[in-house]
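Chain naming follows the written order as A, B and C, and within any one chain the residues start at number 1.
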C-alpha cells in the first residue's frame, strides 16, 4: 500500500500515520465506553453503582456476588433464559444456514421455472417491517397453539433471506459449474453431488451464514417479545429487558440494577467471543454481500 | 430426463438435474411461504376488516387505510423517523466511510485491531445497547452527569424532549457504524492495487486518490448501505421501547410507527387497524427506498 | 468403444440458436476434433453429446441407442474439462475413485483399477496428495486418469490443454495421441487451436456459428477447404486471400494479368487463396503479383515476409530461413497456379482448379 509515497517522503507518511491513528483511537474510546461501563458496573454493589464514579472501579469488588445474585434471583430463572437463548440461536442458526445453503446453491447452479420471481421475492423480503410480519405470525401461531413455545421463535427464525442471497453469491464464486458437471459425468445424482462435492466447498459461506443467523436470533427482541408470554420461555433479551423495566419504573425494583448489569455482561460475552473466533468468516461474508449487492 | 422423480441406481437414490433445484429449495421456500408470505397475506386480509363489540367482525374495505392516512399518531411517528434518519444515517455512514478509507489507506497502526473493535457493538443485542446507554445517559447517576457535577458544570440532559432523539440516534450509530465499515472496507480492498500505483504515477496524493478514485468506485456499495439503513431506520422499535421508562411522557405509545402498531395490537387488541398501520409503514419504506434509488441513479447517469 | 451419431441436433438458449442442425457420425475408435473460433458452439455440441445440456431438437445415438433424453450418468461417457474440475477436497485417489464408488464397484476393484491407471499416467507417487499440491500438467493427467478408470464408452475433451503453458501443451498433445492409440477408444476433442486439431485428429469437424462448415481429415481440410472460412481457419500462418475475377477464360488476380482458368467456366469468382508455403519471392518485375516487403520475421526455422500488395491485404510468404529478403525491397511473388484455391462470391470453394 502507498508504496510510492512511503519511499518518496517518509516523514510526511509517518506524520499522517500518527494523526490517522489518533482519529481511530478517538472512535475506539467512544465504542469502548459502554462496554467498559458494563464491565465496571458488573463489579459493583448496587450502592456503589449509584454512589461511585460510573466509569471506574470502586474499592469493593462485588463481581462474584453479582453473578451469584444473577443466577439465583427469582429461583435462578436467568440460567433458564440463557439456556433458551442458546437453544433458539443454535437451532435457528444451524437450520437457517443449512436451508439458505440449499436454496443459494439452487439459485446459483440450476435453471428452473420461477427462478427470477422467487429470487426477487427473497430479496424483497428485507423491506417488510417487523410488525407487519410478527403480529400476523402471532395470530396465526396462536390458532395452531404454537404461541409461547420454543417453536414460535425457532420456526420464523429459520427463514433468513440475507443468507440465501449470500450463499448464492458465494456459490457463484466458489463453485465452478464444471466441478458439478464432472460429478454428473461421473454418474453421481444431484443430492450425492451436493453433499460429497458442493457442500465441502461451500463450507466457509455456510459458516458465515451460520454465525450471522446465530447472532440475529441471539440478539432478537421483537419476535420473542410478541410470541412468548411465560417467563420460562424467554430468551435473555426479553427477560433482562423486563427486569430493566422493573428497575427503571421505580416501583421497588432498583435493587435489580446491578443484576441487570451482570446479566448484560453475561449475555454479550458469548456473542463477542463467537465473532472474535470466527472473524475470518463474517468479514469475508459481509464483504461479499456488500460488494456484490 | 427420465419421468421418475428419483430413480434408484445401484441401490442409491438418484435425483436428476430437473427436479434437484425444487428439492433444494423446498425447506427454505416452505418456511418462507409459511412465515413470510402467509402472514403477510393474512395481515393484508385482516387490514380489510373491522372488529367491534357491537357489530362483530365486518368487511370494511379500505376504511382502515383511509383512517391511517389521516391518523396523526401514525404520521407524527413517520415525521419523527424522518428527522431521526436524516440525522443518524449521514453521521453513521459518513463515519463508516471515513474510517474505512483511513483503515484502507494503510497509514495507521493496529489496522486489524481497530477494524474488529469497531465491529464489536454489532454483537451487542440492541436491547442491551439501549439499556447500557440508558444508564450512561442518566442525569444523576450516569457517568457523564457525575463528571459534570464534579467539575461544577451544568449536567448534560440526554433524555429531554429536545435531546432524546439525538440520544437514540447515538445508540444506533454506536451499534451499526462498524457493520457498515466492514462492508466499505471489503469494497475498498476489492479495488485493484495497480490503480493506486497508476494514480501516484499520475501525481495524485493519497488523499486525492482516496476521494477521486476510491470513493466513486465504492459508490454502488454506499448506495446499497444507504437503502438498508433507510429500511432499518423506519423500523425503529427496540431502543425507544426500552427507554420508555427513562423518559416517560416523551416516549409515548406511538413514538414510532412500529411502536404504534405494537401498542394497537397488544394493548388495544386492534389487530385489524394495526395490520393496516404496518402495511402503510411498509409502503412508506418502499416509496422512500424507491425515491432514493431514483435520485441516486439520476445522479449517477 | 462406441459409435456416436448426431441427427439434426439443435440447441437454443432462450431465443438464441447456438447449434443449428448438426449431422455427424463418429466411428468406433475414431479421434474427432471439433474446431472453430470462440463462440462457434463447440463446447455446446460436446456438452450435448455428454448429456450436460438438453437438446432443443434432433436425436443423439450412442451405439444405436437413443440417448437424447438420458442424463450424463446413463450415457457412460467420460469428460475432461478445461479447468480440470478436480474435486479440490479429495485426494488424487479420491478423485479417480469417485465415479467407480458412485457406480457401486467393490473397494478392491476400485483400488486395483486406480493403481493401474496411475501407473499408466505416472501418477503413482501422487495418489495421496490433494490436487492443489500438483503442477498443471499433473492435474491434467489426473483429469484424464479419472476419465480412464471408469472405462467409458467414449471420451470427451473440452479444451483440456488451454490452461497449460506452450511447452507442456506439446508434451500433453503427444501423450493424448499415444493414449488414443493404446486405448483405441472413441474420442471427441474440442479446441479452438487449429494446430492441436491438425496434430490430434483422425477427422476434424470445423464449426462456425453453430453449423458444420466441413468435415474431413486434416490434410483434406488443408488441401481442399470447402469454403473461405475453413481455408482461412486451417493452416498457420493463415492462407492469403486476394481479390480475383473471371475474365475471358482467365482468372485475373488483384486486377493483374491472371492465369489460365483451364476447364473452369464459373463467372462468380471473387477471391483466390494461396498458402504462404506455396509462394516464392522472385526479383522485382517477375511473378504474378508484386509488392513491397513491409516486415520480415526471422524465426530460425523459417523466415516470414509480409509483403504489401496494392489493392489487397498484406501477403504472407514463408521463405527459407537464410532468405536474403529485406524490408523495403520491391519483390515479385510467384506461385504455381494449381496451388490456388478459388472462391465464389458466397465464399464456397470452386473445386475445379486452373490448369487441371
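Here, a contact is a pair of C-beta atoms (placed from the backbone, for glycine too) under 8 Å apart; a residue touches a chain by one contact, two chains touch by 3 or more.
What you see is a predicted model; the values in this text were computed from it and never measured.
Just to note, of A-C and A-B, the chains joined by more C-beta pairs in contact are A-B. When chain centres are defined as mean Cα coordinates, C lies farthest from chain A. Centroid to centroid, with C-alpha atoms defining each point, chain A and chain C lie 55 Å apart. The distance from the centre of chain A to the centre of chain B, with each centre set as the mean of the Cα atoms, comes to 14 Å. The residues of chain A that reach two or more other chains are 184, 187, 189, 192, listed in rising order. Residue positions of chain C with contacts to 2 or more other chains are 71, 73, 102-103.
For chain B, the set of residues that touch two or more other chains comprises 9, 12, 14, 16-17. On the side of chain A, the complex with chain C involves touching residues 176, 178-179, 181-189, 192, 196-197, 200-201. Chain C contributes residues 47, 50-52, 71-73, 76-79, 81-83, 85-89, 98-99, 102-103, 146, 150, 156 to its touches with chain A in the complex. In the complex of the two chains, the chain B residues touching chain C come out as 1-2, 9-12, 14, 16-17. Chain contact summary for the complex, chain A toward chain B: residues 1-5, 13, 16-17, 20-21, 23-24, 27-28, 30-35, 37-38, 41, 49-50, 53-55, 98-100, 102-103, 105-107, 110-112, 115, 118, 121-122, 125-133, 135-140, 155-156, 158-159, 161, 164, 184, 187, 189-192, 194, 215, 218-222, 226, 236-238, 240-241, 244-245, 248-249, 257, 260-261, 264, 267-268, 271-272, 274-276, 279, 282-284, 286-291, 293. Touching chain A in their complex are the following residues of chain B: 6, 9, 12-29, 31-32, 34-40, 42-43, 46, 95, 99, 102-103, 105-110, 114-129, 131-136, 141-143, 146-147, 150, 174, 178-179, 182-187, 189-190, 193, 196-197, 200-201, 205-206, 220-221, 224-225, 228, 231, 234-235, 237-238, 242, 245-246, 257-258, 261-262, 265-266, 271, 274-275, 277-279, 281-282, 285-286, 289.
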